[in-house]
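Residue numbering begins at 1 within each chain, and the chains themselves are lettered A, B, C, D and E in the order written.
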Amino acid sequence: MIIARILGTVVSTQKDERLEGKKLLIVKPINLDGSDQSGYLVSVDTVGAGFHEKVIVVGGSSARLAEGNKDCPVDSAIIGVIDSFDFVK
Amino acid sequence: MIIARILGTVVSTQKDERLEGKKLLIVKPINLDGSDQSGYLVSVDTVGAGFHEKVIVVGGSSARLAEGNKDCPVDSAIIGVIDSFDFVK
Amino acid sequence: MIIARILGTVVSTQKDERLEGKKLLIVKPINLDGSDQSGYLVSVDTVGAGFHEKVIVVGGSSARLAEGNKDCPVDSAIIGVIDSFDFVK
Amino acid sequence: MIIARILGTVVSTQKDERLEGKKLLIVKPINLDGSDQSGYLVSVDTVGAGFHEKVIVVGGSSARLAEGNKDCPVDSAIIGVIDSFDFVK
Amino acid sequence: MIIARILGTVVSTQKDERLEGKKLLIVKPINLDGSDQSGYLVSVDTVGAGFHEKVIVVGGSSARLAEGNKDCPVDSAIIGVIDSFDFVK
């Protein structure tokens, strides 16, 4: 998994029906020092995360194991809001 | 998932029979400021997207969960046309 | 999926028995202008592609959905010969 | 799989219920000479690894095959503590 | 799949029980001209490959389809020893 922060939202009307009601968020992967990485992902929020919160993002087929994503055509899901992370180099 | 825009089409006659009738589009991943990323993907359109529209693209095994792709040998699918996306840096 | 061209072949005698009879080709991903990308892949041909033809290559678990690859330990398959591709920047 | 060393921990209260009780560690991929690679991963420890130990990390759907991870939304797992590794260039 | 050469071994005592008896090798991806690529992988040998032999390496979920790897938490497997490979640029 990676650590990311929530930047924004994607609005789509014409879409796969299994995406109905899903919250599609734009997330930005961050480094351990809190700085942004390049790039972004569109990820399904499954835990009710808020803007600019730091979150845990899972990718690939495991995104379909997140709550509510069974059999959905999604490859990225937010599975946790991060309280804190600690590390020693 | 990623955000991409539709650039073109791929025509193939000699192909896996499960690709029959599928619309294979060339899509270009874009950055959040709308600029192009390098690279491209060949992706199956499952939502009737139009040229130069911005779309949501799913990759990996989840592309087979998109409408009509069950058991198809595809690793990328267009699953939504984007109306808008908003973000705050 | 990606677009690649066929460069060569790999010969292996001592191998997983489910690779018996499979044609293992070396393919080189190309850019939309026809130029080579760096890198290469070893991919199972499932459509009878010829040397230097441009082909569609699928990766990951979906390579096992290509004709004849069921339950095979392969992560890349050629699933179509490209007649043409068109795009507008 | 890759070789990584354990740097730290991630604490998350608001999360997918299948992550309850899982130890989420921050791991840093290393090169064969022992130096750090860039980047990091959040990985589920399934073998009781200790801080700064060198470990084997598996990614993708196979992370769900690690002990205790069945049907969990995780894409990275620590599956072994490394005693030693040897190589000749 | 990719072409790699075998560099060394990884020894791990404290590990997932489904790794018991598996030979974990360090492999280095190579270019078509035989030169080394950067990086390395830890891969399960399933074909009895020898040191410095050139091998075919499969990644992702398909590594679990290699002989003996069913339901194992592995994402890379050696599935063939390469006799030769030929290509024309």
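In the analysis below, a contact is a pair of C-beta atoms (placed from the backbone, for glycine too) under 8 Å apart; a residue touches a chain by one contact, two chains touch by 3 or more.
Here the structure is a predicted model, which means the values were calculated and not measured.
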item	value
Separation of chain D from chain C in steps, with touching chains one step apart	2
Chain A and chain C: spacing of chain centres that average the CA atoms, whole Å	32
Distance between chain centroids, defined by C-alpha means - chain A, chain B (Å)	20
For chain E, residues contacting two or more additional chains	60-61, 63
Arrangement of touching chains [line / ring / star / complete / other]	ring
Ring of chains, enumerated from chain B in the sense that reaches chain C first	B, C, E, D, A
Interfacial residue positions of chain A with respect to chain D in the complex	1-3, 31-32, 46-49, 56, 58-63, 65-67, 69, 77, 79-89
List of chain B residues in touch with chain C within their complex	7-19, 24, 26, 40-43, 51-52, 60-61, 63-64, 71-76
